[in-house]
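Right after this note come the structures.
One chain, chain A, appears in both complexes that follow, with chain B as partner in the first and chain C in the second.
And then the complex of A and B:
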């Protein structure tokens, strides 16, 4: 049984993961994390593996769009959408 | 006349070999990937699957690419199986001359005489590699950059005996891969690593001496010079063990103290902090290590 996350509930975990790379320079919810200069495009691989592991979901090939992963808000919305599908809501 | 290339042997299933196998398979080649153990090959296969999975979002392959079909073009072997049918072989083993020499003697015996050998090396002289084979005119250097599927340009090195035809065959392969080559003469470190390794080593000295943190060093390169990656993140991506071997190789080749390896670099390699591939180098790569 997994914990029920509200939309906002995903953000602390996402921010916690990003903190390992950004330190004190956390991006705001809508900032493009790939445009900050702290990470490069390869970072999306680590990020997707984190999202799959942390939120117990599978990122399908068609989900692998930068638009789903480039901001804290986008990741949050993506996770909420995927979990809603899994739960059948 | 350049020869047509269909089957490519890739020796060494490390970071470069797996990236290369992926790029070759995506471009329609049959690939034979060889390494010493089944474990290494199993890890390589996993990395290639992941590389193909992320290929589209990273721009390494088109949207229509069926990654299952692509993955089937790669055969994994510990015994150079099928190398007698290879049109081209690219060697990516560790930068250790004794190991490389053994590999060239082996493939020279197995491969057809017309098969071209490319050394994906950063510091070992191509002319010396050619001399270890009975086909010196068909040996050249092809220094691919990491990650191979994403880098559009390759440093191509002409050994003392490398023929024009061999260079043409290599150019043809690069065209098939959607890449371009820049041909340079044989010299330790060639162009790219002669400069890059010295830069990375000096950046490590700055951290070692406490002048700046790794993050600060890299931030200066990104923000001030517009580099996409700082030298230390680049070092993590390449692998600190490879960096150390390259710096030592340059030191041995030129007998010039400007290439003396920073003690911090040696210590990190001794400690197993190899960068992205081990999960920790100058920076941390948490999920990569766990996956």
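And then the complex of A and C:
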């Protein structure tokens, strides 16, 4: 994981998004979102649309790895990495 | 987010063009196609030449890249004339969407221009004898073989399977759900027509049997496992949205037929339209059809904004539209009496088609349980998250 890019700045928005699905059962930063049983087949598309809309980036096919999306920390790191790439272009 | 109702001038014009196409090229033949259990060969050229198969294809690849509301209007107007033709829009659009969103550059260049013109027809092959819209339950397997893959398994209820040139087909690769673009000519793929289906009889259903079916390496679409969920969900979401709008058209067709019949038919010296119990059916049909259209429009606007609430709104729209279509069709047959049971009027076809709509792309019961669960988790889900005001 490229933790050097990780920033807490994205986490409030990510937690806000997840609150729609988890309510009071908000996962901790390292909890596996997909292991909770709270998400259905719609969730992955909503998560992709949220990440794209909120952070103004495009989720590509090669980004669709569980390791990029399975925890709050992973999403945060993924967003940081993608934004760094965009900024570097 | 406020509910927007008014269509733009461009959307209104597009709707008129779709209506005119459907009333000229589809509606007069829909009953015959239903009886024959197929769309005629020439029709694929007609609808392809009109550009109506290009709605989910980006402009760079020769498509019309219709915005969600406009795509919805196309589905409504074609669905009003013939649910089988609307089913073609649905499955073809699902394949176009999946390739455009998650396909490789090579797949996009190879398939999208042909899919846009209708030179190639796409179909969606997920359902199996033992598994419906459940990617985790897939029994079809794929294994690596040299540069390509070998697929074994069976697919059932594949809409336009008899006609499709390419299938977006799901299988397990190394025990991970995976999507492939399988050409109809692939060695080891057998396509068998399914006859005698209850509704959407002209949708050319097929069974697919794959035995040592060889596909090249570039047939792999998207990433196995987690990525597959996105490929399948992208396609299924578009399918559900297409069906939702198609059901608005179907409900409208039931209302149109009922209004017309109740106007001309007399019973006990009184026009049917003046019988209060008939009026109640007409009133409910008109009201529910309008409500279904509004839910579809709301889903469309949210999708147009890239708002993730658009997905939930689409579930609401599909649930309400399909149940409305079925209830409207049942009442339309009732209003038509014995005529409603025969072939001289289209309402018996509408009833059969509407029942199918309650089963495909997420059954009514699946919609209900999902919507209920969402209501617990997010009491305000579906009202739209504030993005821009």
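Keep this in mind: the second predicted complex is superposed on the first by the 80 of 89 C-alpha atoms of A that agree within 3 Å, B and C clash if a C-alpha of one lies under 4 Å from a C-alpha of the other, contacts with A are read in each partner's own complex, and residues count from 1 in each chain.
Everything that follows uses one rule, which is that contacts are C-beta pairs under 8 Å (C-beta built on N, C-alpha and C of every residue); 3 or more make two chains touch, one makes a residue touch a chain.
Here the structure is a predicted model, which is why all the values come from computation and not from measurement.
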### Message
Applying the document's definition of touch, where does A:24 land relative to chain B and chain C: first, second, both, or neither?
### Response
neither
### chain A residues touched by each partner, larger count belonging to chain B or chain C
C
### Message
After the superposition on A, what does A:64 contact: first (chain B), second (chain C), both or neither?
### Response
both
### Query
Is A:44 touching the first partner chain B, the second partner chain C, both, or neither of them?
both
## Note on the structure
Going through chain A, the residues touched by chain B and also by chain C turn out to be 17, 20-21, 23, 40-42, 44-46, 48-50, 53, 61, 64-66
### Query
Where on chain C is chain A touching in the complex?
102-104, 135, 222-223, 225-227, 229-230, 232-234, 236-237, 306-308, 310-312, 315, 370, 373, 377-378, 381, 385, 387
### Query
Which residues, counting only chain B, touch chain A once they are in their complex?
50, 53-54, 56-59, 67, 147, 215, 219, 222-223, 228-229, 233, 237, 283-288, 290-291
### Task
Write out the stretch or stretches of chain A touching chain B in their complex.
17, 20-21, 23, 37, 40-42, 44-46, 48-50, 53, 61, 64-66
#### Entry: List of chain A residues in touch with chain C within their complex
17, 20-23, 38, 40-42, 44-50, 52-53, 61-62, 64-66, 69
